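See structure below.
Chain IDs A, B, C and D follow the sequence of writing; residue 1 opens each chain.
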C-alpha cells in the first residue's frame, strides 16, 4: 500500500448541528475512522489497537477548519504518516470534498501500556510495516 | 430516596442537528444519565454497572417524541422503576421542560454475565434496595 | 427499487462504550442512516428531508437489542416501510451481522410543518413513490 | 465575572469508548460546553451564538491529552480568553479532575457572516464585555 489512505464518507444528520454544518468535534471521528482503516490496510486490525498489553491513544492534535462540511456531502477522510517515533506515530489528515480541502489536522498517537497508561515502544512488526509506508 | 430521580440538564450545540432541534438519539443519552444517577442515588455506582462478572445492558426500549427540545433549553430527565424482574429492570423515563413533557419512554435493562452476555439474576442487595424504591 | 434498503457499515471506536460493545443509542444512528439512504434511493435526498416548509422528524420508536455489535464488526443496517399513513411513515429496521440479527426496531416518522412542528400531509409525489415500495 | 469559567461535569457511559476511557473527540464537547457557559455568563446566550446574520464557529484548535478521564469521574471543564482579535476569540481550556490536569487545549473561534461563512468583525458590545474579562 502507498502512503495515503482515502476513506469515502457520507455526512448524515447525526453529524450536523444547529448551525446547519458538521459539528466540529465530528471531524475528529472521521480522522479516526481513516487512521483505523490505514492501520487495517497495513495488517493491523482490532487486535493491535486493543491488544493484551498495549493500546494506541491520541496524545495530541491540532486542526484547522477551513470550510464547513454539510448534510449529505460526500467527503473523503485521509490519513498518512508524517513522523514515526519509537513510541508515537504522527498522522497528517484531511477532509476533502472533491477538490476542496475542508479541514486538515495533525494527530499524534502514542503507544501506551494498558495498565499504567505509560508510553511504551511500538512493537517491532508495526514499526517495520509503517516505516515502509512513509 | 423516593421513587423518581430528576436530573437537570442543559441542551448544548453538540445535542442538536441541522433540523435545529435535539437529535432524536440523544434523548436516549439523557435517559441513561438519569438511570445512572438513579442507581448512584441508591448506592450503586460504577462498581455495580461494570462489576467483575455482571453488567447491566439495555434490552429494549420504546420512546415517543412529543415536542422538540432546542438549543439552550433547561430540561429535566427523569427515571423511576415501574417493573422489577429477577433479571431485568424497567424504567419509565421522561424529558420535561418546565411543565411540558417533551419525550417519554420505557427502557428495559437486563442483567447479564459479562463473558457470555446471557441473562443472570440481579444481585440480592440490588433487588432489595430497588424494590423499596417502587 | 425493491422494498428493503441494505446499508453496510463498519463499527468504529467512536461507536463503542466502556462495556466494550456498541453504545445502545448509536443503533438509532445506524437506523437513521439507512432511512436516509432509503429515501435517497427513492429520489428524495436532502431537499425533501429539510425542504422550505416541511420536515420529517422521528415521532416514536421501539427497539430490541438482541446481541451486541462490537468494535470492527461489519454490519448491515436495513430499512423498509411497513406502514404508510397520510402524515407518517413507519419503518421496520434491523442491524445484522451476517446471518445474526443484532437489533430490530420500528421507527415512526412524522411529516411536520417547519414553523409550528405540527403534523401535515406527506407530499403527493413522496406518497406515490413510497407506496410503490411496500 | 472574572476571567475563568469553571463547569463541573460528570463522565457518563456515552462519553467512553472500548478503551475504557473517554473518547478523545468528546473532550472537545466539554470544551464547547464551557465556552458556551462562559459566553452566557457574560450575557451572550443563544441569541448571540446564532443571531440573524452572524455565527461563531470553531476556526482551529490544538489539544494535548495528558491523562485519561474515566467513567463516573467528576471533572471540571474551564474556559478563559487568552487572545481577542477583531474577528476571532482564542480560548485556553482545560479538563481537570481535582488537582490533576487531564487535557488542555487552545480553541480559536471565528465570527462569520451566516450566508457566506466569511470572517466578520465581532459586534462592539461583545468586544467590550469580553475584553474586560481578560
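Please note the rule applied: a contact is a pair of C-beta atoms (placed from the backbone, for glycine too) under 8 Å apart; a residue touches a chain by one contact, two chains touch by 3 or more.
Keep in mind that this is a model prediction, so the values were computed, not measured.
Student: If you average the CA coordinates per chain, which chain's centre is most distant from that of chain A?
Tutor: With centres defined by C-alpha atoms, farthest from chain A sits B.
Student: How would the chain A/chain B interface be labelled, same or different, where same requires over half of its residue numbers to be shared?
Tutor: Since more than half of the residue numbers are used by both chains, the interface counts as same.
Student: Give, as an integer number of Å, the spacing between the C-alpha centres of chain B and chain A.
Tutor: Distance between chain centres: 33 Å.
Student: Just the number, please: Cα centre separation of chain A and chain C in whole Å.
Tutor: Measuring from centre to centre gives 28 Å for this pair.
Student: Which chain A residues sit where two or more other chains touch them?
Tutor: Answer for chain A, listing residues that touch two or more other chains: 13-14, 18-19, 25, 29, 32, 50, 71.
Student: Mapping chain-to-chain touches, which pattern fits: line, ring, star, complete or other?
Tutor: If you draw each chain as a dot and join those that touch, every dot ends up joined to every other.
Student: Which residues, counting only chain A, touch chain C once they are in their complex?
Tutor: Contacts found on chain A: 10, 12-14, 29, 32-33, 36, 45-46, 49-50, 71-72.
Student: Can you list the chain D residues touching chain A in their complex?
Tutor: The contact residues of chain D facing chain A are 18-19, 21, 24-26, 28-29, 32, 50, 55, 57-65, 67-68, 117.
Student: Once bound in the complex, which stretches of chain D touch chain C?
Tutor: Where chain D meets chain C, its residues are 13-14, 16-20, 23, 25, 71.
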